[in-house]
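One structure is given below, encoded as C-alpha cells.
Here the chain labels run A, B, C, D, E and F in written order, and each chain numbers its own residues starting at 1.
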Amino acid sequence: MSKPATTRFQPPAIDKLPEDIRTRILAVQEKSGFVPNVFLTLAYRPDEFRAFFAYHDALMEKDSGLTKAEREMIVVATSAANQCHYCVIAHGAILRIRAKTPVIADQIAVNYRKADVTPRQRAMLDFAMKVARQAETVDEADSAVLRGHGFSDDDVWDIAAIAAFFSMSNRLANFASLRPNDEFYALGRS
Amino acid sequence: MSKPATTRFQPPAIDKLPEDIRTRILAVQEKSGFVPNVFLTLAYRPDEFRAFFAYHDALMEKDSGLTKAEREMIVVATSAANQCHYCVIAHGAILRIRAKTPVIADQIAVNYRKADVTPRQRAMLDFAMKVARQAETVDEADSAVLRGHGFSDDDVWDIAAIAAFFSMSNRLANFASLRPNDEFYALGRS
Amino acid sequence: MSKPATTRFQPPAIDKLPEDIRTRILAVQEKSGFVPNVFLTLAYRPDEFRAFFAYHDALMEKDSGLTKAEREMIVVATSAANQCHYCVIAHGAILRIRAKTPVIADQIAVNYRKADVTPRQRAMLDFAMKVARQAETVDEADSAVLRGHGFSDDDVWDIAAIAAFFSMSNRLANFASLRPNDEFYALGRS
Amino acid sequence: MSKPATTRFQPPAIDKLPEDIRTRILAVQEKSGFVPNVFLTLAYRPDEFRAFFAYHDALMEKDSGLTKAEREMIVVATSAANQCHYCVIAHGAILRIRAKTPVIADQIAVNYRKADVTPRQRAMLDFAMKVARQAETVDEADSAVLRGHGFSDDDVWDIAAIAAFFSMSNRLANFASLRPNDEFYALGRS
Amino acid sequence: MSKPATTRFQPPAIDKLPEDIRTRILAVQEKSGFVPNVFLTLAYRPDEFRAFFAYHDALMEKDSGLTKAEREMIVVATSAANQCHYCVIAHGAILRIRAKTPVIADQIAVNYRKADVTPRQRAMLDFAMKVARQAETVDEADSAVLRGHGFSDDDVWDIAAIAAFFSMSNRLANFASLRPNDEFYALGRS
Amino acid sequence: MSKPATTRFQPPAIDKLPEDIRTRILAVQEKSGFVPNVFLTLAYRPDEFRAFFAYHDALMEKDSGLTKAEREMIVVATSAANQCHYCVIAHGAILRIRAKTPVIADQIAVNYRKADVTPRQRAMLDFAMKVARQAETVDEADSAVLRGHGFSDDDVWDIAAIAAFFSMSNRLANFASLRPNDEFYALGRS
C-alpha cells in the first residue's frame, strides 16, 4: 500500500468532499488511473482547491504560443530550482508524455542549461528562472531577448505567469511535504 | 494625471471588461475611491483575474486564527523580501489601516526582525520568511515551534499559504512592473 | 511617550554631554523639533560621535556634483539593502523633503530598479549597490559607465564613499537596534 | 620603484597637503619607515582623511577590554570576508607585530574558524563576522553569547564598531583599488 | 545513433587507447552492455583516467561501514547540489540498482530532505552536503552528530571523501558538458 | 615542537607505512627539509594517498601550456575561495617560489581580481573561479574567451581540471582540519 499524500493534513474521504471537487477528482482518476496527491491534499481546503486548479487550468490548458510540452518544461525547471519533490516528479512525468521523450524531464530537472532544448526554449527557461529566482531584476530587456526568439508579449506573460504560479505551488508542496504518487516515477519512460 | 498601472500590458477599458470583473472593479473603486492597479493589470487576462482574486479572498478574507492585520504582516514581509513595489506599498497601506498604527508596515518592510511585533507574530513571520525563501528546508520542526506559540495546524497552513500566494503575486507584479497607485503611499498614516 | 532610542546602551542625559556634542544636539533639536535617535545613541561614545558626524558632514553637506536628494537616494538604497530600520526610515524622510516628492523614498527602499529615477540616477544607484554588496568586484569599467552618464571622477568617489559610509552606519544601527523616532515616518509625505 | 597607491586618484604631493595631514603622514613615515598608501589616497579628500583617522583612532588606539592584537584580528577577519587587498595585507602585518606570531594573520585571513585563537576570540570573531555580513540578524542573543565569554557591553560595542568601521574601509579601498605597500608583506614574519 | 559523450574533446578510438585503459573499458562494456561516457571522455587524458578511477574505486568499491547504496546516495545528493547531468543520471541509475528501489534516486536528486531515508542516512547526507557546499565550516561538532548516529570515524572520512571526490567529478563533467548515456535513464526503474 | 597535522586522524609512523608511500614521503622530506602535513594525513588511507598524488602529479608536474607558477595561481585562487588553510598557505609558498615574487600569492589569496597578473592570467583565473564556484553554468562561451587569450583546448582542460582537483582537495583538508606546517608561512618571502 502506498504512503499517504502528506503526513501533515489528513484529506477527507473522497465521498465527503463537495460535489464539484469530488467530480474533478473522479475525472482525473478515470483518466490517469490514480488520484494525484495534490488533489487530495488541496481538498482539505475546498476554496483554495477551486482557485488553485482554476489558475492552473487558465495557464496550462488554454491555447497558447507555447506548446504544452514547453509549459511543462517551465514547470520542471522552476520546481527543480525550488527543490519541490511533488512538482518535479509529477510534472516530469507529464513532460515526458507531452514531449514524447523519456530523457528531457530528468535533464531539465538536473540542469536545464545542459538539456536537449532549442535555443528558443533555452531563452524561455532562462527567463522563467529569472522570474522564479530574481524577479526583482526582471525588466524590459528580458522581454526584448524573448521577442528576438519569436515570442509574443502574450507568450512572455505566459512564461512569467507559469513560473510565478509554480513558485507558489512549489512552496505549498514543500510546506505540506506533499508526496508524489509512486505511479509518476515510471510514467512516460518507455 | 497619474502614471499607467504598467507600461507593458494595456488593460482594456473598464466598460469593455466581462461583467463579473467590471462589477468587482467598480465595487473596489466605490469602497476605496480608486481602482488599485493590480485589478486593471490582471483584467488583461480574465480567467487569471478570477482565479487570482478567488485565491486571494480564500486566504485573506475568510475567518482565521490569524487576524487580518497579521495576515497583512505576512504579505508585507514576503513582498519586501521579494522587493515587490506594488505589494509592499499597497499592502503596507492595508496593514496600516488594519493594525491601526502608522509605523508597523514600514518597520516590517525594512526588517521584520526589528519591528514592534509580539513574540508570537515574530515566530509567524520567521516561518513565513522560511516558506518564502527556503521552502525546501521547511519541516515538522517548524510547525512545532509555531504550535509552541499557540498556532493551530490550520493557522500554520494559513501562514504558509499566504507566503506562497504572495510569492506568486510578487513575481507577477515584478514581471509586469506593476505600479502602485499614488494613493497608497499616504493611506493610514495619520 | 515614545520608546527609547535603543534598549542596549543608555545614552547619557543631554546636559551631561560634552559641550560640543550637546551644542550639536540642541541645534538639530532646534531645527527638526526633535533629537534624532542616532545622536543620542552615538553620544554614548563622544569620540566616535565626533568622527561619525564629521565624516557624515564631509560627504553629505558639502558641495558636490550630486544633489543632496541624489545623495539621500544612495543612503536609502544602501540602507534598504542592509535592512537598516533607522537609516531607511530617517533618511527616507530626508529624501522626501529634499526631492520634494512623497513617493521616491518608499520606491527606492523597496526596489530601486523600479523607482521613478532618471537613467543617470539609476546608474548611480547600480554603482552604489555594487559598492555596498560586492565591492570586491568593482573596477575601472564601473567608473567608465558612470562617466558615460556625465559623472566626474569626484562624483564617482562621492557615490562610493556615501555607500561605504552607510555600510558602516547601517551595521552600527542594526547592532544597536537603533530605533527611528516616530516623527520620521510621516515627515515629507504631504 | 614601487607602484602608485592607486591608479584612480592622484594624491597630492606631501608638501602640498594641509598642515595637520602632512604632520600626521610624516609622523607615520618616521615611525614605520614608509607612508602607508591609505594615508596618501585619503589625503585626496582632507576632511574625509581627518574623520577617517579620528574614527580609526577612537576604535583602535584607545584603552579597551580587547587587546590591540584582538582588535586587529577583527580587522583581518572582516577585511578577508570583504576581499580587501589593502586591509588584509596591511593589518595582517600589524596583527603579526601585535600578536608577536608570524602565522596568526594568514590563518585568520584564510579561515578564521581554523585559526589558533582562544574560544573567547573565536566568539569575538563569529560576532564580528555576523556584523560584517548579516548585521540585519544581530540581536540580543548575540550579546548574551559574548557575555558568556566574559565580554562586557562596552567590549561588544567595540567588536561591532570595528567590524562596521572596516566594512566601510574595505569598500573604500576596493573602490579605489588601493594597493598595499610592498613593505607590509614581510613585516612581522621573522 | 546516440549523441557523442561530449562535444568538446574527442575521445580516441577504443583500439588506440593504452592497454590498461582499453581493458578497463572493455570490462565495463562487458558488464553493463555499453561504455559509460565518463570512461570515453577521461580516456582523452590517460594519466588522469588512471588516477580518477583508482580514487573512485578506493572510495566506492572497498569494504566500508557504509553500504554501496548509501555511498551512491551521497553521490546523487552531491551531484544534484552541483547540477551535474552526467553524475545525477548515471549514479541515479546505480543507486536504483543498489538500493533495489525505483524511487530513491529521483527523491534524493530533487530534495534529499524529503527522501525516504532513515534518520541515520539523513544525518549522513546533511554532512555530505555540508562538505560539498560549505566545507570551510565543518568542525568537530559535525563528527559528533554522526557518531551519535553510529558512524565510526572511518565512516565519517568516507562520507567526506566521497562528497569531496564528486565535488571534483561534478565540476569536470559540467566543464566538459559530459552527456549521460541514454541507457542510464531507464536502468533500475522496473 | 609543532602541532600535529590534524587532530582528527592519527597518521601512522612513517616506518609503518607501505614502501611506496614511505619512499615518496622521504623523498619530499629530503627535498623540502620537512614533510608537508598533507602527506602524513593522506597516508592514513594508502590507496587514496596513491590516487591523490597520481592525480596531482598528472596535473601539476607534467608539461603544459600553463607555467607551473600559473598552475599554482589557480590552486591559490581556488583554495582561497574555499577558505582552505592548508592549501592557501602551502601552495601560496610554492607559488612564491615558482613565480619568484613574494607578493603574488597573498594578492591572489585575498582578491585575485586586484592581483598583479596579466590579462591572460586574469582570464585564466576568472574561468578557474567559475569552475570552482558555478561549474553548472560553464559553457562553450567560456572556452571562446580563453581561446581569445591564446589558450589551447588542452590548456582549458588543464585550468578546469586543476580547479576541480583542488575543489576536492580543499574539502578534504577542511574536513580533516589539516594544518599547514609552520615552515610554509615564510617560504619564498625573501
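Descriptive notes on the structure:
Everything below uses one rule, namely that a residue touches a chain if its C-beta (ideal position, glycine included) is under 8 Å from a C-beta of that chain, and two chains touch if they have at least 3 such contacts.
Because the structure is predicted, anything quoted here is derived from the model rather than measured.
Considering the contact criterion stated above, the chains in touch with chain C and with chain E alike are A, B, D, F. Between the two copies, chain A and chain C, the Cα superposition rotates by 120°, quoted to the nearest 5.
Among the remaining chains, E is positioned farthest from chain C, on the basis of C-alpha centroids. Placing every chain at the mean of its C-alpha atoms, the farthest one from chain F is found to be B.
Centre-to-centre, using mean CA coordinates, chain B is 44 Å away from chain E. As a whole-number value, the distance joining the C-alpha centres of chain B and chain C reads 29 Å.
Between the CA-based centres of chain B and chain F the separation comes to 51 Å, rounded to the whole angstrom. Those residues of chain F in touch with two or more other chains are numbered 83-84, 111, 136, 139, 174, 177.
Because contacts link the chains in a way that matches no line, ring, star or complete pattern, their graph is best described as other. Here the chains touching each other pair up as A-B, A-C, A-E, A-F, B-C, B-D, B-E, C-D, C-F, D-E, D-F, E-F.
Within the complex formed with chain E, the chain D residues making contact are 111, 113. Residue ranges of chain C in contact with chain F, taken from their complex: 136-137, 139.
Of all the residues in chain E, the ones that touch chain A in their complex are 80, 83-85, 88-89, 92, 102-103, 106-107, 109-111, 114, 174, 177, 182, 185-186, 189-190. Interface of chain F with chain E (complex): residues 8-9, 44-45, 47-48, 50-52, 54-55, 57-59, 62, 82-84, 131-132, 135-136, 138-140, 143, 153, 157, 160-161, 163-165, 167-172, 174-177.
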